[in-house]
């Protein structure tokens, strides 16, 4: 694991892109383990994910990155490289529901999520015992209209202090302000309990019940300033019927939320996601 | 088949409903083959579907219906009874897409849909050969803004002449006017090519593509004056990804549309659907 | 909840069954909340589940049961009645995997499973801390060939002492002997990590990998003396591909196992399952 | 379309494979449109599919293929190249069921399957009218024990005369002999109406009914001498319950069979499938 790296690339489509990168990596002794690519003919964009083994690198890491940045400049590439040995650090934001929290903590412990979870932040104290069970520091930052800005600033300080790369809103029942998102800079994944764009906003299970749909859904997306409008990472649905009360939808939805959020977080941590045009390319 | 009947009932919930109907049917020698019920505690409504065998009826059919209407009056029931030997008559409305048309015609021929299909109506001539293959009269009623009213009147005449119980809009790319729906009186099932209420209106696959969803859907519903707002009968979804162009979504959607529409039509024809509060109870 | 009861009935099919039971319950002042039935025309068997409200019972509980047993005798019914106020007691048997254990404990705590869990039994000590977190007595009963009989006897004593109604094998990696099943008498639900009858026996994920299937499954069933041959309660599948190693199948399978087992246990606890002919009727 | 080609490669895994092919194609002016690869670490095998544009080829086609064969020799590659302008030719074998036949014919006409269908062969005359509707020559080759060899020889002659690349058994209720498979040489796709390896052999819906499964499946696979044991291309399932008779399973299964077979045929025709070790790598 420590000897691998993943390169993600996005650029205007043109000839020779695949060859240029493959040749460059081969020339440095990096062995391609997995490569996936996509061309969007409408947007004229090219996307690629290359995972490679560095154990027989002929040059050093600096030379490799320099070479990549030269090729990238030539092809106007946006790129980033992630090291297999770099453990990303994830913060979980929660309110009172424990199902997504338990799910992520158990998956992380089972080795499904390649991240550390150094911090849990909540506007309620309810889930502190869960954090304690897993030995993770829990910060209770209550929110009122008056204290929202202060609470967000405190959260930002904690994220910075802990070098957090990713924030996961695991049924965090607060809307992050545009200011927070801009100041944080890193990525934020949210789980919305409907099949977006249906039932945006609050109480989606009630909305679904009232419309009489035959499937309910859940959507994991990157949080943006436009609530429930960010790039969708993953969605799934489960069947329901006239027999399901709102409470039944809530219960069925819990399983959906857990699964959909976990998949999105996993793909993000494995550097499988590229965002463009308010959409995602997910190399699964 | 000819010796069975199906009773559908909807009324305010109260004690003794199940017993009253079961006792009544038993007393007349009708044998209950299948019974399903539902109580909506929020709306305080009771729903029941009872399928029974009439072959050993001790009284005659008129006595039975009189008895039912007496019980119904006592409990303020809405009810209807459908005979197994009554062949319903369905009209298909189509435009240029043939996939739902072929699908319904083949299912009807395979015995999956207990209805006759005496008439196909279209605003285009393209699918006349398909109708001919299956030996079904095809009526080409072209539409322009100026002729819409006249075309609908002509369609209404045909439906009446053919004693049509059910109209299925099998990707009919026209909106039926409120006048038409009122004048026709019978039920109309439409297939919308999205997971309603997401992507209402036109070009839902394009809308889905632009939003970057990870699943596309289809929805069969009863047509009402409010476009895409009628009671939902059935929905389903299929997975898509960044690799899918709008054309791919259209292709994947064709299979969905066929399956979802066919299920809805089948359930309707088997008298499995009750509508209330702009929702459906579907006894499957 | 405490004022409801559920009656499950199975008998040879004949006329008047539904009316007899509905009339009986109505006559005693029991209000039918939910009723579902099924007739198997091949086996000539009738099945019914009736959930009713006892809060306005005109007679007492003994009179009601006497009346039911008289009707039951007349129609050769197998029947059982379960009280809403009776809390069933479930024992969990586990080995080293914690995913099904955590899943069931969290669902029970969330109110999804109407049972108490007074005891966890394992042939390994690994999961004792989990039991402790949830405050449930944990019994470590190690097994070797020589001690198997003694261990099973010890387990039987514990089940009796705790008045256990249901045993759930939550990835318990031991085969219960026929003697144990006979002595225990109660019901035992197992989760097998394949789509039975495919891949019976050990290492089903490896078997699935080697056969190159495109879906993997999980099956919850009642345990019988014939391993993996008991009545199936629930099954589900998840997509896999050539990219999935055996370890990936194990990971994907964990989610499946949890979901499928939880649904089966829930339905059992809600008295929704009737067994006959080595199959199940599940009134969902 | 005519200016593209698809290269499929399988070889022992080693460094520089991706770079070698990418460089080769780039050097000849071929532009990579899509590339997908897979490494099986257990088998130590590397698989790649590269689709490229030939419209700006700097050399000619012969030079390109010579260059590929040189690289292939160096890396011990199995490879094949398919031209976008080459229209493959598919023969359909059917018996009496028409659902898969109609489905494939309609998909081909809708442009979903990039093949011509010059011939339909059947051991029964029933589906001749369908072939006629689509203007495709139909050959009725009845089979008895005595005539099986002669019928297969006649079929082989027809396949050769029509330059058939692919045979699709669209619910062909006969087993092809090992001799036929060897003599034909081309690939044969079969649809089996169960979730293999469950319910191999005859009457899988009856077997499924008797076992009481909660899902039924269908499996598309390449036909081999070992019946129902060939490499699996695609599988899917649909939910069933105690309410479903064998006839209901047959009806539900028809939709499954159509979908699963169509996907497999489409992937094969798009050169997305590599076979090794009695499994498939499907680059979707």
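Order of writing sets the labels: A, B, C and D. Residues in every chain begin at 1.
Operating definition for what follows: a contact is a pair of C-beta atoms (placed from the backbone, for glycine too) under 8 Å apart; a residue touches a chain by one contact, two chains touch by 3 or more.
Quick caveat, the model's predicted, so the values are computed rather than measured.
Path length between chain A and chain C in the touching-chain graph (shortest route): 1. Looking at which positions face the partner, chain A and chain D present mostly the same ones, since more than half of the interface numbers are shared. Farthest chain from chain A (centres taken as the mean of C-alpha atoms): B. For the pair chain B and chain D, the distance between mean C-alpha positions equals 37 Å. If you average the Cα atoms of chain A and of chain B, the two centres end up 42 Å apart.
Within chain C, contacts with two or more other chains are made by residues 38. Taken together, the chain B residues at the contact with chain A in this complex read 38, 40-42, 195-199, 211-215, 217, 231-237, 241-243, 245, 277-282. Every residue of chain C that touches chain B in the complex is listed here, in rising order: 15-20, 22-23, 25-26, 31-39, 56. Residues 98-99, 102, 106, 110, 112, 133, 251, 254-255, 259 of chain D are the ones touching chain B in the complex.
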